[in-house]
Each structure stands twice: as C-alpha cells, then as structure tokens.
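Letters are used for the chains, namely A, B, C and D, taken in the order the chains are written, and counting of residues starts over at 1 for each.
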Amino acid sequence: MIEQLAGSWNYIIVIILMMTGLFMVIARANLVKKMIGLSIFQTSVFIFYISLGKMAGGTAPILDGNPDTLYSNPLPHVLILTAIVVGVATTALGLALILRINEAFGSVEEDEIIAAKASQSLARPKRPTSEAAE
Amino acid sequence: MMGAAILTNLPALLVVVPLLLAPFSAVLPIAGLAWVLALVGTGISFLAALMLQSVTENGVRISYHLGNWEPPWGIEFVVDSASSLTLVVMSGLGFLATLAARRLVAIEIADKDSGKFYAAWLLVVGGLFGLVMTADAFNLFVFLEISALASVILIGMGAGTDRRALVAGYHYLVIGAVGATFYVIGVGFIYAITGTLNMGDMASRLPDAAGGAALYVGFGFMVAGMLVKAAIFPVHIWLPAAYGYAPSAVSTMLAAIATKAALYVLARIFFTIFAGTPEIVDIALSNIIVPLAVGGIFVGTIMAIYEADIKKMFAHSSVAQIGYIALGLALATPAGISAGFIHIGNHALIKGGIFMAIGGFVAALGARASLETITGIGRRMPITATAFLICGLSLAGLPLTAGFISKLYLVRAILETDSYVILALVLISSALSVVYLWKVMEVMWMQPAPARSPKLVENPAIYLPLWMVALGNIWFGIDAGWIVGAARLAATALLGGGA
Amino acid sequence: MMSLHTAMLVGLLAPLVVAILTPFLAVRHVWRDAAGPIGGVITFIAAVHVALAVLDGETPRLFVAQIAEGLALEFAVTPLGAIFGLVASGLWILAALYSVGYMRGNHEKHQTRFAAFYAVAVHAAMAVAWSGNLLVLFVFYEILTFSTYPLVTHKESALARNAGRLYMSILVGTSVVLLLPAVVWVWLSTGTLDFRPGGYLAGQIDPAMAPILLALFAFGVGKAALMPIHRWLPAAMVAPTPVSALLHAVAVVKAGVFTILTVVVYVFGIDFLAETGAADWLVWLSAFTILASSMVAITKDDIKARLAYSTISQLSYIVLGAAIASSIAVQGATLHIVMHAAGKITLFFCAGAIYVQAHLTKISELDGQGREMPWVFAAFFIGALSIIGIPPLGGSWSKFMLMVGAVDSGYLVILGVLGLSSLLNVYYLLEPVSRGFFRPKVKTVEVTSHPLVVIPPVLTAILSLLLFFYVDFFAALAKLMVIS
Amino acid sequence: MNQNPVFRVVAKILFAPIIMFGLYVQFHGDFGPGGGFQAGVIIAAAFILHALVFGLQAGRQIISARVNLWMMVLGVTIYGAVGIVSMAKGGLFLDYTALTGSVGSGQHIGILVVEFGVGLTVTSVMLALFHAFAGFVEDRDK
C-alpha cells in the first residue's frame, strides 16, 4: 500500500493541490483569495500533465542520434505552455476585474458586495434622462 | 488561383478572419471603424459558413489540416453537416447581432472603449467558430478560453451602466475557468489512455485501450467541464447574471450563439469521442443529462416567472431553453438529436430577437428594462415591441413560428422513446413558460403608460437586424424544410461515428 | 364567372385589403365608411360562390406553403366551413353598415382604427371558416383573438382595459395551454391534421384517451364559452355594441363553436364518439351551461349583460349538438350557428340602437320606450322569438332538430333541459319587449333618430324570418357534413 | 522609484544582458528549445525590472502605451500574415513549406517569423499587464 502510494506520489501531490485550490475557490469569500485558489487549481493540472509526459530516466527530447536514449514525451509540455498562457490571462483578467469591483463597491469581500448590491447600483449613465432602476 | 485558395481554406478563414481583425479594431481610433471591422469579420464568416454548409449538404466531410500537418499529429478542423449547421446558425446570428450592436454600443459603452469592445467581440465570435470546428481536444480548450475570456471582458463592460456587471463577469470567469480546467483534466486522462488528442483517433482507440477507471474519470471530467460552459442545470448559475448585466448587444450575441457552441461540443464528446464506448455514454445520458435537462427546464422557467428584471427573466428562460436542446441531444436517437439541432437554430433566432428588442427598450428608456419601466411600451415603441412580440410568440411555441417547429419535433422525439413522464414534464413546463411571457406581454401591451412618462424615441438603427430576426422566426415557422433537413443530416453525421 | 381559386383568394383577402386601405381612405370619412360594406359584399359574393361549389360536392382548395411533412398551410372548404363563411361575410355587410351609424351617432373616437381591426377580425373569421387543417385553424383562431383585443378595449378606460385583459388571458391561455397540445396530440398520433369527412381518429388513439383529448379541445376553445371558462364573454361587453355583434354573431364565438363542431365531425368522427361515448360528459356539461347561464341571464338588468349570458346558453346548444354526436343533432347544431347568428345580431343591433338613440342601457329603464322606437322594438321581438325557437322563425328549425337528436340518442333528460331553457328564454328575452310596449313610461328621454342603426336590425329580423322558409340551402349543406 | 544605489546599478548592468538572453532564446527557437513565449517573457522582464527600479514613468518613456499597443497588433499581424501568405501561395493555413516551396527553408523561415510575432506580442502583453496593474491607482487619480 505504502509502496503503491510512494510510486504515485506525484499524483497525490496533484490531488492535494487540486483540492486545496478548489476549496479556496468555493469557500473563500475574498475575491483575491478565490483567484489564488483558481491559480493553484490550474497549476495542479499543469503538474498532472507534465508528470504524465515524464518517462522514468528519460531525458529532454532532443535527438542525439543514439537509438537507446530514453526521451520524455514533449507534447504535454507544449500543451501546458499554452495552458499556462491561458492561466496567466485568466488571472490577469480576474485581478483586473477585482480592481474594478473594489473601485465600484469599495470591497473585495463577497458578502459585503452582496450587501452593497442590494442597496443601490452605481449608475453612470451617458444619457441625461437615464436613471438606473433599483 | 485565388478563388481556389479561398475555397480550400474556408474553415481556416472562418476562424482566422475574426481573430486577426480583432487587434486592429482595438487600436483603431474611430469607434465607427471598429464596428465596420467587426461587421466585415462576422459577415465574411457568415459567407464562409454558408459556403461550407452548401458543400457539406451532400454528406461531404471536410477535414482541414492546419499547417498541413497530418492528423493526429497536427491540429485538424472538421466540418461536417453537424458542425456546418451550427456554424451557419452562429455566424448568421453573430452577423445580425453585430449589425444591431452599433447603436446599442454607442449608448451603453464609452466611445474610447468601443474599439476594445469590438476587439473582444471578434475574439468571442472567432473563438466560438474554432470551438465548433476543431477536432483536437486540447485545441478546443484554447478556443474555449479565448471566447470565454473575451466574453468576460464584454460582460464587464456593462459596468458603465450597472456595476453589478463586474461581479457577474467575475463569477463567470471563475466558474468558467474551473469548468475549462475540469475539461482539461478529462482530456489529460483520455490522452493518458489513448496517447492522442485527435477526437477521431481517440474514438477509434478508446474501445481497445485498457482504460478502466481512467476512462470513467476522464469522461466525467470532460462532460462536467462542458456542462458548466453550456450552462446546464445546476451549473448554470453564472448565466442569468452574466446575460442580465452585460451590455444589451453582448446579451444578444451571447444568448444567440455562445451556449450553442458548448452544447455542440457536448454532443461531440458524447457521440464522436466516446462513440466507441457507448455503454458509459448511455448511462451518462439517460441517468444524468436527461434529469439535469428537465431540471433546468423547470428551474429556468420558474425563476423566469418570479423575475421582474426583463433581461434576467429571459436569461433564466435561456437556461430552460438550453435544457430543451440538451434534452433533445440526450435522447441519443436520430429524431432527438435533430430536434436538438432544430432548436439550436430556432432558439438562436428567438433569443437573438428578444435581446435585441430589449436592447432597444433599454436604449430608449435609459434605464434597466423591468416590469415597471416597460409598462405600456407596446404603444410607445410599437415597431420594436411588435418584433419582440413575434419572438415571444415563437418562444411560446405558437404555430407558424419557428418555436413551434422545435417543440413539435422535440415532442415527437420524446414520444418515440416512450418516455411519457418526460413528455408530461416538458408539456407542463412549456405551459408554465406561457406564464412569464404573458406577464411581460400584458405589461407591455395592455397597461397604460405611467403618467408623466417621457416620450420614447424608437431606435431605427436596430430595425433592420431586429426585423430580419423576427421575420426569420416566421419564415422558419412556415418553411421549416431547410432546418429540419439540415438537422436530420447533422444527426446522421454525428451518430455515423468518426470525427 | 370567377374560378374557385380566385373566389377563395377574394374571400380571404378582401377583408384584409379593406383593413389595409382603411387608414389611407380615412382622409375622407365617407370613403373609409363605405369600404367596409363594399368589402362585405365582395366577400359575401365570393363566399356564396364557394358555398355553391361545395354544394355541388367539390372541395375548394388553396395551397399556400408546406411547413413540414404532414403540416401544410392550406385552405380547404368543408360544408361546415362554407356555412360559417357565409354567415361571417353576409353579416359583416350589415355589421359594417351598422357600426358606421353607431360610431358616428355615438361620436366615438378612433373610428379608423376600429374599422381596420374590425376588417382584420372578419378576415381571420373567414380564414378559420375555410381552414384546411387544424393548424391553420389554430393560427387564425389566435389572430382572431389578437385582432379583437383593440376592439374590446376600444374605450381605453380602466374598465375596458381590465375586461380586455381578462378576454385575452382566458382566450390565449386556454388555446395555448390546452388547444395547442390537443392539436399536436392529433398530429403525433395520426400524422395529419387535415379535416376528413367522417373523421379519422377511430383506431388511431386509445378510446380511453378520447374523452381527455376531447376535453382538451372543448376547454381549449375558450371562444365556445363553455362553463367554467365563459367569464370573458360578459366582461367583453364593455366594448361598443358593433363589437359585441361581431363577438357574438359574426365571428368570435361562432369561430369557437365552429372549431368544436369541426373537430367532432371531421377529426373525431361522430360515429367514433357515439360508439365510445367519449362525449358523454360534454353532453351533461353543456346542458348544465345552458341552464345555469339562463338563470344568470334572468338576474341581469343590463341589456347587454343579459344578452351575453343568453349567448353562453345558446352556444352550449351547439356544443350539445356536437356532443350528442348523432347525424341529426350535428345538423341541428350546424343550423343553429346560422339561426343564432341572425337572431343574436338582431338583438345586439337593437340594444345598440336603443343606446345610440336614447342612451338607455338597463332593462328597467325601457318601460314605455317601445312607442318611441317602434321599429327597433319590433325587430328585437322577432329576434327574440327566433332565439326562443318559435315558428315561423329560423331558430325553430335548429332547436327542433336538436330535440329530435337528443331523443334519438336516448338523452330524454336533455329534452327537458331544452324545454326548460326555452321557457327561461321566453321570460328573459321578451321582458324588454313587453316593458317597452305595455308599461307606462318611467323615464322621459330625448330620442334622436339615426337611420343607419335602425335599418340593419330590421333587415336581420327579416332575415330570421326568411331563414325559416329558405332553410333548404343550409340544411343541404349541413346534410353534406354528415354523409361520409 | 527606488533610490537605493545597489538596485539602480544592478538593474542598469542587468538590463542589456537580459534582453540579449531573450533574443537568444527567441532566435534559437526554430531548431532548439526556446521560442517566442519564453523570449517574450524574458524581454518583458527586463523592461519590468527597469520600471520597478526607475519608476513607471521612466518605463513608459522607453516604450509608450501607444507603441506598446501597436507592438501587440504588429505581433499578431506578423503571425497571421505568415498564415495568409502560405494560403495565398496555395498551401494551407500556416503551411510553412508552401512559403518557399521547400521543406527545409520553408519550415525554417516560417517558424522564425511566426516566433518573432509571438515574441513581440508576448513582450508587449506582459508590459501592458504590468502597467495596467501597477499604474491602476495612478490612472484613476489622474
């Protein structure tokens, strides 16, 4: 049992990270912490992919002419490079939104925002006649 | 030479043109010009989609190899009858929504932001097209995120009139990112089993692959992720706020085309990737998707009945309508899938028209459209309100409108499978949907305008797209031959196996 | 001589053309007001032409579009449709003339809008009459509802608006929630929605389900005003009287009972219903409606309210005939559409004439007014007698045939119901006349004379009389219905 | 702005080598590990380091927001143009071989140009992100 766990310790770490991230996304009321949770969650998936591509004893997949060389699978790395870019974009966009939310509501705590939403909305209409309902 | 080059590259152009025009519209100094770019981009996509559709009508399956790399090594775009129908619907409505966007955006978005607005707009549209065409499971995730991130930007731009748009956008971002990541996890498992990312390849290798638990886990994660994107109950929670607080033009575009793409991808997961392992697909469809779809139909309808804000009301209604589409697809019979595809097209027409008209109301009112503010609007803005009425009747499923055709084929498909309980539930929910439509129409047409209400100016700029959609609802209700035939072909293509 | 095709096109489009032209003709009120009657004459000629062809055994058809397999947008005239087409177009001539007199005499506002929607309603009624299948029927049934809404709320008062809301919510609600599923049910179980002589549901659906399907139709057709969905009819009485005439005689309620008759005869088939007894419950429900609404009518002092409940009662005669589902009862019910239309339009014309000329709306105020308005009261008298069913007036034929049909099918109790209802009719319909002629005047009012509101009721009263002697034409058409 | 002379000197010394390293990674990317993504981030890091030490204003003086935006567009356009040209030459989208007609030179040139476009865009996007967040408060108070 222990050996089995030890043999797949990378997956165990992935799972721990994944659950940590997901828990933060769901349970934290602070928007920034949610964002951090999301990043951890996504990173765990990156690790998962990369450990999929790792061959035991494999080296970087650069041809050296020796047919006996073991190579790691490069494809997951390429995929994850793309996924990292997507992750960065997601985080950046999320943080940008949080800044705007903080500006508009004066808080980044979800419960406070909900309370503020109920009171009144920030209306900045372009037309003079307009006035947001509620 | 040039003509031939364009013809062979149609699938690529469909995606590349909007995506490449996007940065230019972001840096253009004149707001009007950015709109023209968006119009050109969606227009070209629409033409390309129509041409693709005419090619695939005869059962031809186009396989386009990006960079001329043979699949499964390279990324492959596949256009068959199923994806071409979805593309035509999405690009057509995308084009009309762009046509309507000019005036709505001019009112709701600051001029200095409108270049960025149209850039994001083009990214969403192009990303969704790619989502539908790509046969590479990981490339799909990239397109998914391109369109999702861009739509978060669009939704957030609603903050100019209502700050709640920011929170709606944030929630969509977080929930959407979790969904997309789930999908990626799923793809990882399936990749681990099969060693390929090409959907067709996955399908052919899965039956022999010693998958075991990994197969179930991968399948579950992929489906769960796409359920979030398609806004299927109970992971639809991001949708009402996102559509409700987004700028009107964005609500129109998203409601008409965004969830359609995710639904289409769901269908591809079920019927293409896992075509070789029907046992888990059947279990998932009949035990999970069907109950969820029916649940969504009810939850969406009931929430719509209790909602006073018009945009959110129809956003809830979208949840219900997505349930109808998902239900059709989940029946997994040729009749059911074609019913789903018919409703993909018709619902795009219905919701496109409804949100366009609401945009017209909001623009004229200068305030959110709620049951209070639109009182008596039928007489104050007759042209917009009549188009709204037509689309509403179509949503209710009255004969001679497109909505009727959808309901008819869905009911027939359900009957074929002898599931009378589901039939009864669908009929009840369909009757319930009359309730909220009646509430809106009653307020609009049968109550006098409040005293001292300002005179409302109609918005002629949206007449053309709005009425094209409204008349489309009638046209496809009278001459349903095209969509029914195309949907049937789509069902055959999907169920025929292969990518 | 125009071809049948052209005749159908003319019959369907003439009212629509009138509706479209009305706003443009409004520059001269005379032009606008002449358009209605002229359109009526044209439509009527087309309807006669079509009816004669139907009598010769033809089925005039007009194909518009194919929606999907088994679903067509098509018009095809059944004998029953020919009859309803004749009623709707013929009475439109008089109703159009009358509404000119009423609207002018009453100085109503928005006369152009009124005339236009009136014509649209007639168009929808013609299309319902000549519809080739259930789908087309349903669509124009809805258009009829929508086009009459502006007429019902014509006064734009809060009262009118509330009435309009009730009118729309009951009619639209029942049709969408009950009628439409019934139509879809028929399509799903048979693959067609056409009207076929003798019906085609036999063997296609479970006989145990037939009563449920019939109930969907009976309650889905809110326009037939079967209790308990009759509330919209009295509420709609706030409308100007020409609208009430349209609702009660020309189009709306007639479209309702027409739909039920059509469904029973051409979709279910009377043999199927008679064999399975699926319509048994409907016999008793309509009998109840006949009596209950007659009782309510007695308590009403407002003329129009009383006439409204009378209409509910009379409509149930027709539903009753359909529910008994024997050849003779169905023929009686069909004839009753014609007879009741002629009689009831007379009564409404008279009620309107009294209002325009003397501004009286209550029966208790009519004492002694008969001598002031002798023509109007005489017409009312004849109309009332026809509704009651006294020879030599048209109404006696249909009532007689309904009674024979009830006895033939063994519903002896129904005979008693019909008799009792006739007695109640006598009381509540003749009361205004007797007060007008035999009571001393209680209220002195100034009576202004408007010939355009007096001539139409007199004409329709004469029509009721003529229908007794020249019933052959309609009877022959009605007979065609039940020969399969 | 950071007045600590250690930072200022180190930043000045490191600025050019970082960019050099970035360019190496960039142009090595066609037949070895490297490429536009990594190079873009490295180059952007140099500019960000500069802005951190010498202040946002100084950073913007090197590359103004406007130029930055156009760099973004230019990068994407270069990428897309390669695809369009390959299509116009009768190949498929991003079919490098079609660029010159031979596999060797075509792939070589194609990847080089595309990676350059990617690098340009990534650099400018990273810079834009940095300035957007770092300058958010300043922009708002202006």
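Please note the rule applied: a residue touches a chain if its C-beta (ideal position, glycine included) is under 8 Å from a C-beta of that chain, and two chains touch if they have at least 3 such contacts.
A quick note: this is a predicted structure, and the numbers were derived from the prediction, not measured.
Undergrad: Shortest hop count from subunit A to subunit C along touching chains?
TA: 2
Undergrad: Of all the chains, which has the CA centre nearest the overall CA centre?
TA: Of all chains shown, the one whose C-alpha centre lies nearest the global C-alpha mean is B.
Undergrad: Which one of the chains is farthest from subunit C, going by Cα centres?
TA: Most distant chain from subunit C: D.
Undergrad: Count the C-beta pairs in contact for B-D and for A-D, then report the pair with the higher count.
TA: By number of C-beta pairs in contact, B-D is the larger.
Undergrad: So the centre of each chain is just the mean of its C-alpha atoms; given that, what is the distance between subunit C and subunit D in Å?
TA: 79
Undergrad: Taking each chain's centre as its mean C-alpha position, how far apart are subunit B and subunit D in Å?
TA: Distance between chain centres: 35 Å.
Undergrad: For subunit A and subunit D, what's the span in angstrom between their mean Cα positions?
TA: The answer is 24 Å.
Undergrad: Could you put a whole-Å number on the gap between the CA centroids of subunit B and subunit C?
TA: So the centroids are 46 Å from each other.
Undergrad: Residues of subunit C that touch two or more other chains: which are they?
TA: none
Undergrad: Residues touching two or more other chains, restricted to subunit B: which are they?
TA: none
Undergrad: For subunit A, which residues are shared contacts with two or more other chains?
TA: none
Undergrad: What graph shape do the protein chains here make by touch: line, ring, star, complete or other?
TA: other
Undergrad: Spell out all pairs of chains that touch, sorted by label.
TA: A-B, A-D, B-C, B-D
Undergrad: What does subunit A use to touch subunit D in their complex?
TA: 60, 62, 81, 85, 92, 95-96, 99, 103
Undergrad: Touching subunit B in the complex: which residues of subunit A?
TA: 22, 25, 31, 34-35, 38, 41-42, 45, 48-49, 52, 75-76, 79, 82-83, 86, 89-90, 93-94, 97-98, 100-101, 104-105, 113, 117, 121-127, 129-134
Undergrad: Contact residues on subunit D for subunit A in the complex?
TA: That would be residues 32-33, 37, 129, 132-133, 136, 140 of subunit D.
Undergrad: What does subunit B use to touch subunit A in their complex?
TA: Residues in contact with subunit A: 107-108, 110, 138, 141-142, 145, 149, 152-153, 156, 159-164, 166-167, 169-170, 173-174, 177-178, 180-181, 184-185, 188, 191-192, 197, 365-368, 370, 372-373, 454.
Undergrad: Using the touch definition up top, name the residues of subunit D that touch subunit B in the complex.
TA: Listed in rising order, the residues are 69-70, 72-73, 76-77, 80, 83-84, 87-88, 90-98.
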